[in-house]
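Each structure below appears as structure tokens.
Same chain, two partners: chain A is paired with chain B first, then with chain C.
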Partner chain A sequence: MTAVRTLRGPLLLTASLLVAWQLLHQWAGDTALTAPLPTLEHLWTMIGQKRFVPHVTETGLAFLQALAIAWIAGVGVGVLLGGHRLSGEVAEPILVGLYSLPKITLYPVILLLFGLGMPAKVAFGALHGIIPVVLFTMSAVRNVNRTYLRAGRSMRLTPMQMAWRILIPATLPEIFSGLRIGFSLTLLGTMLGELFASQRGLGFLLMTAIDLNDVATILAIAVLISLFAVVANTILLAIDRRLRRGSAA
Partner chain B sequence: MTIVARLTDVSRIYPPRAGHAAVHALGPLSMELRAGEFFSVVGPSGCGKSTLLDVLAGLAAPSQGTAEFEGKPVNGVVPDGVGVVFQEDASFPWLTVEDNVAFGLRRLGTDAAEIRRRVDFATGFMGLRDFRRAYPSQLSGGMRQRVCIARTLVLQPRLILLDEPFGALDQQTRLLMGDELLRLWRETSATVMLITHALDEANLLSDRIGVMSARPGRFIDVVETGWPRDRDSRLAERPDFGAVTSRLWSLLRTESMLALGQGAVAAQ
Partner chain C sequence: MSKAGWIRLVVLVAFFGAVEALCRTGAISPKLIIAPSAMLGAMVKLLASGEMGDDIRQTLLSVAIAMGLSIVGGFGLGCVLYWLPPLRRAVDPFLAAYYSLPHFAFYPLLIVIFGLGALPLIVLATLFAMVAMTMATLTGLDRIPRVLIKTARMQRLSLPAEIWHIRLPAAAPHLFSGLKLAVTYSFIGVIAGEFILSTSGLGHQIAFAYDNFDNPTMYGLILFVLCIAIVFNLLVFAYERRLARQRGL
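Moving on to the complex of A and B:
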């Protein structure tokens, strides 16, 4: 019963999306939008093809590297800026400015710096993802409840215990929210990076399909990426909820 | 009479910061806590009551003078045997009630059976037995403060310092928590120092009440209540109860007006 209830929302959403897609297809016709069923069939045959796999691996690898940089460096820099008040106050407006800047304008610079290929994609993906991770981590460290630290001192905790048993659990929920947003933006950045001047990857396939007006392939790739994003985001949200279980919602 | 803790000519001055002059927050003052007594500190707001507690607890070092606990100097480190309960909710939201209470013992490396035993006792004593697996967010403010008291209690402190622990609670809950605090004090035979701004509360709970002046806080008087050790909130019905509260208020009235003036100046 509960399984049905928890699945009802997502199932309804999927069903209505498919219906909307089908209706839009009826209206726009095959040249603009292929119908859901043929698209999924097309995706299935694409996945079966040998030459498709390297493109997925390329995008996957670029994304994973960019994500690792965004998460690890983001948390590291965030902790430093959160712990040092002056640096944090100087860096915050710069970071917020960068955050609101459409980073695609920097892509030519990235290409000149890193050249064509994998490094540029990774750099562009990481550039998108790292800023929210830094901002959330900085705020989490800066706003850690002083009373928890006082309570820790009153229980005579060592500095190590203070870090592991109080600082990390107290900041983790907020940092994780940053990681979640960083995940979405890194994916966006990596895909954007593949759209231009690239020879491999799902983004490259997408651009080729646009040039050939291959609507079925465009939609198949869109579906594949959406599925990945939705599944990953669902998992991250579930972890997020679990981390916040203790604190008032 | 054994002296548990002593402050000698202690003052605390916050150094000047950008745009702020140095603030002389406390003292110089001296005080002694007698073994097993319930001592309360009352004073106008901003008089340095909490600073006084911080110095005694080792959470803040005195600018001048010395603090001692059981004959040894306290210098910015909380001594073994001192427990502190704060005004703000200090229960850890990421831990269940049980894990909150066991927190200090686990860090000390106490063995599991002993932790079990002491946590059972403390949760039972504070009426938290049915909430052991709950998270603080599922509890009321009063229950959360009980978690914090239980967390201090399991460490078996010989001196318990409480910084306005019931400040955020409603009047009825305060009275009940006061009774529980008295029961805890009687049964553990610890020395208790309570910071409060509620005169009735100080009167009801204490053997002695230190009355502080406006900032920089000094003791202007120490009032002995003479109440029996076995007391509870029904003490307020006694005819001589009101006399003590009146005495506290007459001592504090001018100081409070002074503090109000300081507040107005600080706000400008």
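Moving on to the complex of A and C:
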């Protein structure tokens, strides 16, 4: 019963989006927007084609590398800045400032520094994702309840026990929220990077399709990426909620 | 200024000084990065010559319109969702995944609906920026302390008075962070669109300069865009500070 209730909202939303899509198709015509069903069929045939797979792999690899850098480096830097109060205070406004810059304007600079191809995409994706991870981790580490640390010290925990029993459980929920936001932004950055000056990957296919006005392919790729984004996000959000509930109890 | 503030200033000056020195001595090739002072010179020259006047006007106007629409629309949407919890539950997963969707894939569709020119870019940027404001509005309204609302009841405030004197000021900090995000996202939407799919505007000129290895123009324009974004953020930040001080925070 609860499954039905939690699923009802998203299902209704999906259904209304599909109806809106179909209506928009009726109104705008085939040259602007293919109908939902033919688009999905087109996506299916595209996935079956051999030349499609390398593009997906390219984008996937770029995204995974960018994500790994953003997550690992982000948590590392965040822990350091959170642990050392003065450096945290120095760095925080700079990071917030960087976070609110339109980073897309910096993409040509990244291209000049890293050259065309994979490294530039990875760098641009990581650049988008890393700052929220650092900010969230920093605030999580800074806000660890001092009483926990004192309790740990009075029980003479070893540094390993301290990290495993106290620090990680206390900071994980907030850090995970940062990782979740970092995930979305890394995907955005990687995709933006592929749209501009790229020779492979889903973004490149998308740009080629836009140049050729191949509406079915444009929409098929958009649907594919959106599906991935929504599914991944839903999973991360569910984990996030569970962690938060666990920490509150 | 606080100790952290001074250190921050020193760090920033040292960073730009180091880049300047490396560029001037030729350790970094001018094909990659030009010296910060040269960027500034290029920016001043570009602005003084007036050759970018039309592009600057077009981009800034588009960003301003998108910003206005997304702030007003996003706030309105946030309020509607707040008053209608069932609708909100249905839309929630969509909102959470919104920023990982490939918005630029829908640009061809927007061209067919709105024609060529600035209008589809404005629509794209508005769609892109609005949801940040919506989410910030929702967070702000959610986090109003119950005590304040109870106080409003006790004082028998009318609904408009309650909204004006209690709810809006209490939600203001979150509204401001939404505002800043909406500004950034309007810039990203317009400039990324111009980068990829336009024949005029600042984004197009940056991409054009990149394609022609015209680094002074490219860096001058990038610096100009970043300066505008920074000035705008500082204005919002200063206003935020003033509000906080009025409340004795």
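We adopt the following convention: the second predicted complex is superposed on the first by the 243 of 249 C-alpha atoms of A that agree within 3 Å, B and C clash if a C-alpha of one lies under 4 Å from a C-alpha of the other, contacts with A are read in each partner's own complex, and residues count from 1 in each chain.
In the analysis below, a contact is a pair of C-beta atoms (placed from the backbone, for glycine too) under 8 Å apart; a residue touches a chain by one contact, two chains touch by 3 or more.
Since the structure is predicted, the reported quantities are computational estimates derived from the model, not experimental observations.
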Which of chain B and chain C A:T45 touches, first, second, both or neither
neither
Comparing chain B and chain C in the superposed model, the one touching more of chain A is C
For A:A151, select first, second, both or neither according to whether it touches chain B, chain C, the two together, or no partner.
first
Check whether A:R165 is in contact with chain B, with chain C, with both or with neither, and answer first, second, both or neither.
first
Which of the two partners, first being chain B and second being chain C, lies in contact with A:L185: first, second, both, or neither?
second
What is the contact status of A:N143 with respect to chain B (first) and chain C (second): first, second, both, or neither?
neither
Doubly contacted chain A residues - partners chain C and chain B
none
Which part of chain A faces chain B closely enough to touch in the complex?
145, 147-148, 150-151, 153-158, 161, 165-166, 169-170, 172, 243, 245-249
Mind pulling up the chain A residues that touch chain C in the complex?
8-10, 12-13, 28, 31-33, 86, 89-91, 93-94, 97, 100-109, 111-113, 183-185, 187-188, 191-192, 195-197, 206-207, 210, 213, 215, 218-219, 221-222, 225-226, 229-230, 232-234, 237
Which residues of chain B touch chain A once you look at their complex with the stated criterion?
57, 59, 77-78, 80, 82-84, 86, 88-90, 92-95, 103-104, 107, 135-137, 148, 151-152, 155
Please output the residues of chain C touching chain A within their complex, sorted ascending.
2-4, 7-8, 11-12, 31-33, 86, 89-94, 96-97, 99-102, 104-109, 112-113, 180-181, 183-184, 187-188, 191-192, 195-197, 203, 206-207, 209-210, 215, 218-219, 222, 225-226, 229-230, 233
